[in-house]
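Accompanying notes for the structure given below.
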């Protein structure tokens, strides 16, 4: 039985060597990443049965994406197309005083024209949890429609739903985002929202605990997790508030930290843990992710547990 | 004073290591290539003043393309845009019994919307020669219009014109190609045509010498070069026919062989050589190109001359 | 439903760069290979449902092996152990006048202690075909016993069986091989035998067609394929003899050629083709494998078909 | 019109991978660096028209140097020679408690025999600014003579002059440096001096602000910038004193930091900014340089501006 | 004359690129390491005549190990065998909050069956010092017997002896270690003991100075050095106590830090220095090691001296 | 006891990746090569005790050269200097129709000022054989004097002498070479001469057998080997003529083929073989060298023997 189904676009990620600019690059590291498949991979590391719904061209590059996910334990459920491209993003690593620079080349990707009727959505029924993020409805009218349709389908089928606000200013502006996302929140059981996005997109200018509380009440969401970068997270669940600091890390690659958190949280909740424990495991998964190259949290449950138990102190073996 | 101006799209070229499939690639070699800039680079190696007209997004990837050309001696004359993408092509090397596989990802590139009025075409007036190829008008209505416009402008300005038929079945079908290209030929002084393309696109089912003759007569082209792969080339110029065999090579990377030939021919003609000598230098430039990774003929005039003089025998130093 | 189940050890493959000796190596390319999983991967490329039965330590290196197979479309059915090691082999590439050099470091691997009762053999029942090779029973008493047990189980369950003689002089001597393998042949429906091995191990000093005939008669095997390197193969099936030459190749990595052949043959037979067609597809799969780095035939059915149809002539696209 | 002309030697830079010693190196990263061409490249990033005067052998290695500069927007004005070598330096990266180790192999380079009469110095007339550094006159008698000649020529032609003290103990001793450099200072409009070099070479044992003041007065230099490593810089201009702290960085490659500073300062001054703004942009250019591999500040004006505006706080995008 | 002989197993070390997991590795850096040969290499950098006694298979991989040591100035004195394997270890680098992960694959190595009678032990007589560590007797009964035999032989021959406690929980448990190691200590003149190991293995739960004192008295060891990681070391020699802090480092690869310390200490003592100076040079050697990739301290005496003299402040040149 | 002493300069060899031009190189493979140390390494592979006399700067790069030779079994006997540079050569690989291009940067190397009185020439007395080549006296007056001195010393000490004519047109012209080399030949017992060099330098325009005969008679040389590239070699020894064809190879790197031949010949002769056998082993060593990257013949006696015994047929294992 499927534990988790995620829905979203996954891209090729092309990364120059550290310290090289895109203007001069002579070699790319090739990886695969997308918010929702990153969540899927993280959850799959906890030995859950995880599927990922998407749309890709039936080409070597399309297969490059899907086989990587399969390798890491996620079952791709793909609408294979004869045309369209694979979205690509270029990641130029940063370093104080410049941040990393992401250059998207994802327009006109096969995913932009996704249609629920062509997806193998039978995979959804019977699942325990459905997850997607605010990136997905921001890509095109078609992806917005599909997102709503799938959330609705999930709710109707008794599948619990999870949503990560994930606002990207390179995709749309706050008003457009709010208009599209707000109606979706009524379908959501677990909501992840970066503190800044909650303010920018949903107009919630407040401290994280207040944000969490208001999000829970305004949109009637059972579990709300507000993330605050290095300041840790606040969670509101069933009238109770939880706080979780981050674990200290030697950061090698920060991309995908938030997705690792979501994947760790959902996986632990699916295992029956309460929110407090799930937040700790989520934070540990996220901390470990930052020590690993690529978007994906290639960690083992044992490693995550060791971080939680040691409080994040360096574990020499 | 400018010797040669070429016009066309130049793309990022992403190549997996030899023997690796795109489905499994973890690293790309990054290079830059496009038929007309390949010609420009080859000609620039002969110390001609060469410019390349094109359109690119003003982004790190756009600059990746233009700075590579500048490095190799070609002056980029670019209409820099704020949107659009850089065309990309993936090159999976082959080996008997499979050929190399080129996967284009060039749709919706900045070049597709090129408009002559935004190009720095003042670069054209005063030039000795203008060159483009059959790929360029095949990309979009806008590129077709610009190609015609530039050819016309060149003729009006007394600039000699060169055109490589360069039919690509992944871009359009033979009928569409013929319809667009045939009217352009009236503007052309030097025409390069692969034997097979002359048949497929222009309906000239004949031996190469006959093709050359008919092309020269039908379209009133002063110099026609029909290329026949390993069988060498036939040239019809001013009522005279020249033949040139290829030089034997250890082929490392065949991409750009034809462009190297064109660049070597035009450069030598610009130096005042007759067609016979120009063909020899062109064939030598093409042979050397095949020993070099990437689309570009990074050769020296001395090396080209040495091949011509030795008849292509291995030159140990 | 499962189309094919294979059984055998799969190793890490560590390869120095071309032209470097193991004595001086500073970097290894890491891949995964094993005769039976190579067959599995080749068959999976034809979109068959393929499983691979084996035993591995539950360690990062064990997972390195299994996830690579999953990536390439094979479902691993593994008895995960807490101890034991992953077999390793070092491949030093050759070049006339020295051949490639394989250094095995596979003693005491987890697979050496395989026991059928711990394998998820339920995967076998309902399958259409079972395959293993002569390497497997040669590794240890336990692997010999398991091989026999699984062949017997397959026959009892109505699963057709395939066996590749695959004699390795670094594992055992011909007498030991014959003693162990001969009794197994009574369970075999499809037998692959290199001409030389048939002579060395089974004492069949004869021409390939005679060998094929005798193997079919002596051991009552329905389909016998005798392979002769560059001289092509001879097949005896149901009283009929087929011959298939090899396709010419630019060889980059010959390791796994035979396994690609077997995988291509079994896949095509599972699709219902007759032996003649299956041999052609098998030979094409093998030829393509030689242009690809690593043990595995990462090819597409379309590519295989193109080779068969063109007769192996270089296919430029 | 040319904005800036710089004069100096540029070398091949060969760098082993991080953490490897030269004694054991099996691979070098190849780059190009020289104090004055580093300044030129930094200034060219601000879209100034920049030329670099030098002398190189007409060989593949000589062209390796010049084409890299052209790529990054600097126009090489080179006296090409038939003999002589390209100076080379080996950079072994350090890490506390050992610093980086630079091994020079620049003796007898083509540049050592530079003669002004063979340089394309017409490039100088009409330029707005000329820059060189204390390394250049330290290389040979010929380079010392050429340095003086060019400074004099610049002053005569009304070109403003800039000089970086840049003392290198591996080239000469303080007394020799003082004897050669002091007479040059009368030609200088903008002087950059590391605090320590001002003391060692010019005998100015004092705090940086005092040094700046005295340098301005003693040598009648309009603008003096004294740099103090992590303690920031002090500038004396037209009777006014400016201070500028450094921006915090994650340092990947510190080589060329000072040159990036000079290039950023000159470029900003050429744009008409006052010294205070120029120092901020210079410090930001230097900070960004440290995050980039190689000697050159491959930055964009937008990135520099962002650092200045954010005060150097990490800018996530 | 030989200054130092060390005895122990040396392994291949296979390391994925930083930030990659063993589960996904596609390339290994290949190096060579073993506690006692690491000590030998460190001592050899100080221009001592150093030999290393061991047992290896006469294979390319065995030679890969021995030639690397010879390259770095250590003379291998090896019992070459026709069978057995080379021990291997996989090093997955860590980063807070996970430590580095070492996966041993050293079972059944040729060294496990070492026998003193087959070793070229004549190399021992006439040496000034013999060194081994607690890893060696922990590998097998044969290695334990050989360790004891060699220590005894050294003492009988008037060779001073050195021993590093070096407890490895992946090899044996504390009780087994104590039972084997305790009797060996009566042969030891110089003992190195990590504070934690002294407690775990020898039951000395006390502060380091107390431990050092007790170890010296209980086992009648002339020189005892107790190491405390970042807290520095305590040494008890001839009734006197010395303390040495560590030098601050930018750590790139911590593996072999302790061995570098031992090598630096023994080399300096062999040069006639007192314990205080030897500790400083040992700590400096260890600090430099951490900036270098691989197990070995590839440093020069000059670099070590510079660290000691500067007190570890970054030395820019 | 020393079997062979060779004398000559050894350089760093910097090689761009295959198919890349020096003009564009971003990474060099670093190796070590020199005619006489190549001979030394080849001979050392046959388990002879081999020393190499030379002069190097006492720098990381000097040690890079010497430690590489020690690694491969040659004992460096070096006059370490405080100044001077390490000779360097750049190797751009070729491919029909251009040959490989070697760019020397060896002027003013430490070796150029070699003086016999500073060399550890005691290593020579007691040796069985001394070898050097025609490159060495061609580098400077000092190297010419040292070559003569050492040959004389060897003869006086009863050490047999070997000399490879090895004419390099990039070092000197034929007349200068003849003037210097001819007088040396009176000291020579074994002479290797490429057919073309014998003509160019010594004026012997004749077929190889005639050349061999005349060289033996004119200069009273006991053993003369004339090499003819792919046409094999002719040897004149003691009035007898031997011929040896080459073994067919897949050539990866031809540099050092001749040195491998000499090393194989001398090693086999030192083992007591007659000239016929020595030629076969020499040719096999040379053939194997061509399959290996770098200047050195990293082969095993077993591999060489296998080539001789199989007649060079590909040996699959």
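Here the chain labels run A, B, C, D, E and F in written order, and each chain numbers its own residues starting at 1.
By definition in this document, contacts are C-beta pairs under 8 Å (C-beta built on N, C-alpha and C of every residue); 3 or more make two chains touch, one makes a residue touch a chain.
On a predicted model such as this, the values are computed, not experimentally measured, just so you know.
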If a chain touches chain B and chain D alike, it appears here: A, F
Steps in the shortest chain-to-chain touch route ending at chain D and beginning at chain C: 2
Furthest chain, CA centroid comparison against chain D: C
Chain located farthest away, centre of chain A as origin (C-alpha): F
Centre-of-Cα separation between chain F and chain D, whole angstrom: 45
Whole-Å separation of chain centres (CA-atom averages), chain E against chain F: 40
Contacts with 2+ other chains: residues of chain F: 21, 23-24, 26, 67, 71, 101
Set of all touching chain pairs, with the criterion as stated earlier: A-B, A-C, A-D, A-E, B-C, B-D, B-F, C-E, C-F, D-E, D-F, E-F
Chain B - residues contacting chain A, complex: 14, 21-31, 59-61, 63-64, 67, 85-86, 88, 90, 92, 101, 103, 105, 107-108
Sites on chain F touched by chain B in the complex: 17-21, 23-24, 94-102
Residues of chain E that touch chain D when the two form their complex: 71, 247-250, 252-253, 284, 287-288, 291-294, 298, 303, 306-307, 310, 312-317
Complex contacts: residues of chain D adjacent to chain B: 67-68, 70-73
